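Please read through the structure below; I'll follow up with questions.
Labels for the chains are A, B, C, D and E, by order of writing; each one numbers its residues from 1.
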């Protein structure tokens, strides 16, 4: 592979804290690594672990989950649900051979633009050091997104559409 | 149509335990309807047949093919392609074909480790340390055995599939019901469901059929069934026994929970679910009754094998297929 | 673009005197040589440290002033100050500092930098430290009697007779040994310390 | 199979993409023309039929351009790549609405705050802008036309806290003719201000300016006063809160009581008054905290009452001329309906015992600022005589210590705002009344408000001595001649550059302001957020300082952070203006981000039931299904993510929308080879 | 209870009485102390003034040896405050700074050792006595309550500060020693300088500074009418005891305040013989003070708890109550 590896990270943010922290990082012109792409959710409690798997399966090298600090959730305590899911998800991903550095949970209040920027840059560096999320040759070879429709035999039975 | 005018039926057993084959026999006298309405052209368990016989058939000659078992090796995949070409309706029959099932748990490890476990170790007598080789020069000529794939795939990951019948194995009454619909459709008395549909199952989850009493859920600790004596009338999950019922497609009649054992999830994901394990994991984690990271970790220690539990039947069909 | 005329005018002026040398990397250097995080840059000059210090009266500069000097890049003045040598390591300033500056550790850093640069005014304390360390490096243990006599002989010879009763009292009560004790692993200790010194020098700056 | 990554739109969408330059704010880093051209070409098969860039998309010309395209080209979706949705989402939604497009079919993606302002490499920033835009396009395809939720607003308002901020808020609303419930935990209105003697910088008497306000609030026809009461439960949502209040038993029948005070006179139990007198004076077991208390009725302190403790006494009952004492009285539970809530619960004083080196609690003549307020108050325990703890001796030297527990990482990191001015006021009062020598020990003098610095000048002129240095310790251990029997303040005089020991007779500690000890519970009770310190968090620190993130709940005064009286009053008034605006509108529109449950899919597993902090999820036992009450749902989506059956869906942030956005964002991979970009996954219609 | 013991250089010589009394009370208290084999000097405050990495490597050798010897316990007890602070500081900073940790471990490797920071719990002797033992058991062993003895509890600096692990009630006004002494029956004064400095190594390098610090402590203790000072650090004891004469000479004062180790007072209260507790080895004779133990003074002559506490007139304002009382 030529050049350096640039990881892509999908970041999930909470509308009330970390998304605002990202806004603040912007207004304060804090610079951070461009490798992250943020998705706004209403709350870290909205984070369905499926989103994390989906991002990893679709080519992201890491996933950053962010939310309000414990005790500061806009919806009282939903960030704790994110915490519970994250702690369990992390255990499971480890079993699947995915390095724990690739999926991180960071608390960032609306005031912590600089902290969020710092966390992002640090995570990009860590993942850069890990390299791309490499699936074993076998998994890569089997192309799950290949269109299959052409192979089917025609049927003369009546089928609901 | 065949010579006797009956539509052709096939059933094939790929990587799986064979329970699905037995399940078909479990439909009892209904099997007579199969015989009455179909001509069985290929069913290795039930009758002698050669792959060449299938290859010889014109494309689309088989009306209904029930394919059970996952795609573990090149033979499985070849047969999947062959039967797809020859069949009008290809059904992923049972959990292995549709989700990967237990064979797919091997995706958590590598072929090397699998061979080490099978061909070495204390219970294996293999002093020369033989390992399977894809080809071998025998006096009769070069011999081949099917190639062992690095990961287990589901049927629909190698060929397009018309319908899925979930379950490990599918419930006999559900199989019977599906056969009834197909037979009725063949007679023009019914319409087949849209392609891609899941047949022989319900639209909700196992809890819908479970009669155990339920309350709001708060889990303070997980325990394995053998270590606790759960209340016979109350929801098992509420008592810390990890039951997959909430995330598992209904249709089985909640057999396990009603018999006192937690649902293990063999009917697969509910309608519209992209990743079964993630859904179940999210639900279970959400109701852990603690906000303290250390305490949560302690509670999670009660689930020693999360990937194995949440993806017991579903690893090959999941988003990450089992990781690396 | 500056106009050429202005340039010419400027050239005609007499040269300005040189600005005082300010070593603006001094703060970073001190921070880097301190165990843990110094937090020196967080100092708000409130004076809690100077107010708390039991020996402030004898210091050339209060700790607060010293920190301002470090930040101003006044390297020589800071290293020559007696302040770190007067510090008694009581940690009062550390626990009271509203900004959690690691004051005591910074004092240690300044001492070692002063020794390195040979910039202390009074050799009493550096000598004491060296003598102490000498015993420790050779025996693995400290040796009060040797240390005290050697030290007083060199720095307070006139006070030594006055301390005789104290010394005799201690000896008489079995609270002092005439010979140093030695650990078994002196060789091992020396190897460790030699490697540690190499590492310290590798880090540079110091 | 049913696995689909995208649920495809029913018909082909016609999407318009608008990339903003924001002057040079975006265009200076992101090649906006390239982004627009790329979208028009590369995203054509995703439904993008037009992509434009423009100098200022939010300007009227920019908006008109979008509106024209909607009309002329029949756009069904709009994506604007510009600033943060928190800034201009509403602007572009309104523009769409004007052109006849449902406003919720517009998506704003941030390429300013999240791209041009935080990255410097122009090529990489441009590529990231494309990715962000592509995520927005994928997302907008799955948007649904929605209507904002409209809810009626109940005209009554609950004000919690009867200090000056709460009183101000209550009066403003009541004067406009709307009902107010004013709840106060203590027996009387007044709060901390009632304890003060003079107010800086004008030195008006606190009681003189506060008492008329308290009386107006007490008599106001539209204000229902609930003192000695606490809020125990809050349910509902903006416009329709149901609040439960526990009115503690006073053991006094307020219908009969005339407030004559005989009961207090006759009560034999003398108790140190830790609340109003800050521990410096005494009260009785039946008492009214101060003479001007509103309401005038006393309360009986059960824990210290001789009758409740020993079973005999009843002196108050015997002497009461109207028979108002009622030992049988019980706590009363009241339920109220209100449309809006203002929280004005104030602050607690930092406990100076936590700084043991300052000697409070060990050294008799170390006082806190609140103690000194009572000491100097003409209605206080010494009738305003400034004396030592012996109650007799006037101090000849007084040291005032600033920043006690404030601006200190060991305690509270923030500045308590009022202490500098309060300490200057004390210096003036001590000088004026005793002629003592006064020292002020400060880190920085903070007198930043109208007429504040002038007051500092005045105190300087009066001869108060200022020592710039944070006090290190206050001790009675004499070390030098002249220190015996004194309290010694040890400090570095940072201006002189030396340590000083100053013997004084009295020390006043300017203890800082802290959030109420139960502020976290308060936040939880009302569903608002509070910072790690415990101050409630405003919706926006500059532009919306009196609103909270929770619709319908406002904050005023020190509950939001330390502040002086003028600012507390301003906030009380500001909060009431916001509430009045709501009441006048009669109904309010809410973002339609809500969860709903598909009853056919729901298996009644009850996983979600306990996850909602707003109790929006009901369980129907008869049908064994759960249901979301859209009026209570706040749209956090936690239940959506937790539903194991996938039976719960959420508007605006559906699973499909988020998945589509993930695919869109990953359309472009970052450079793996210099700056050339490689394509990875391509989302295809499923 | 089992602990690893790091005695430190002073214990073997200048503070022999501390060592002896510690061993004497270990058995009745049920403390099982196992000395770390071949430990070396902690470097006091001197080594770190010369160079950082060797200073921490010197300390870490002890930690490595102790961790290697961990035999059913990971608690390392240091009776000397200076050793305690150095050991815990090394562990703390090695945990905080990866760079330091790597350097120190690389130095240790030269001696075939390694230490993983955080492996050991480093605690002071007073900490384990007051926090690990049952207070009632201690009280039950008191056969000779130190009644009538006015003791100034003197903690010095390095015990309560900087206190990385938050083991003490307060860095300025800890109460652990106070509580223990009260348990032994002593009258404990509210000693305002309880955590102020004894002069440390300044007796060697700047005696004028040191004598002033010693004078302050002696004066305050005398002012509060203490019979003796109880200490828990060899350096504090040495400075206050051995240099008391020097200090008196320097200032022309005549303080006579015996300074004993708290372990000696525990032993006394437990009824152990003075000789096994190393009593009599102090330079300022403690016998007159100890003679007060058990002497019942007539009620009227009993001194007020705090010497200067004024009579409260009826106008007096209430005093704020301390939260911990």
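As a working rule, a contact is a pair of C-beta atoms (placed from the backbone, for glycine too) under 8 Å apart; a residue touches a chain by one contact, two chains touch by 3 or more.
Just so it is clear, the model here is predicted, and its values are computed rather than measured.
Visitor: Compute the shortest path length in steps from chain B to chain D over the network of touching chains.
Guide: 1
Visitor: Touching both chain C and chain D, which chains are there?
Guide: E
Visitor: If you tally contacting C-beta pairs, which comes out ahead, C-E or A-B? Let me know.
Guide: Between the two chain pairs, C-E has more contacting C-beta pairs.
Visitor: If you average the Cα atoms of chain D and of chain E to get two centres, how far apart are those centres in Å?
Guide: 47
Visitor: In whole angstrom, how far does the Cα centroid of chain B sit from the Cα centroid of chain C?
Guide: Centre separation, chain B to chain C: 73 Å.
Visitor: Between chain A and chain D, tell me the centre distance in angstrom, where each centre is the average of that chain's C-alpha atoms.
Guide: Chain centres of chain A and chain D, defined by C-alpha means, are spaced 32 Å apart.
Visitor: Which residues of chain B are in contact with two or more other chains?
Guide: 156, 274, 279, 282, 286
Visitor: Quick check: what residues of chain D touch more than one other chain, meaning two or more?
Guide: If we look for residues of chain D contacting two or more partner chains, we find 5, 357, 611, 638, 641-642, 655, 659.
Visitor: What residues in chain E touch two or more of the other chains?
Guide: Touching at least two other chains: 172, 216.
Visitor: Output every touching chain pair, sorted by label.
Guide: A-B, A-D, B-D, C-D, C-E, D-E
Visitor: Using the touch definition up top, name the residues of chain D that touch chain E in the complex.
Guide: Per the stated touch rule, the residues are 272, 279-282, 351, 353, 356-357, 360-362, 364, 368, 371, 375, 381-382, 387, 389-392, 475-479, 485.
Visitor: Can you tell me which positions in chain B touch chain A when the two form their complex?
Guide: Residues in contact with chain A: 59-60, 63, 81, 84-90, 108, 110, 149-151, 153, 156-160, 162, 185-186, 188, 191-195, 274-275, 277-279, 281-282, 284-286, 288, 290-291, 293, 296-297, 300, 303, 305-308, 310, 318-324.
Visitor: Which of the residues in chain D end up touching chain A in this complex?
Guide: Within the complex, chain D contacts chain A at residues 5, 84-86, 110, 112-115, 117-121, 124-125, 128, 131-132, 135, 520, 524, 527, 529-532, 537, 549-550, 593, 611, 613-614, 634-638, 640-642, 650, 653, 655, 658-659, 661-663, 665-666, 669-674, 680-681, 684.
Visitor: Report the residues of chain C in contact with chain D in the complex, numbered from low to high.
Guide: 44-53, 56-57, 61-62, 64-65, 92, 95-96, 98-100
Visitor: Can you name the residues of chain A that touch chain D in the complex?
Guide: Interface residues on chain A, with respect to chain D: 1-8, 10, 16, 19-20, 22-23, 25-27, 29-32, 34-35, 37-43, 45-51, 54-55, 58-60, 68-69, 71-78, 81, 85, 109-110, 117, 145, 147.
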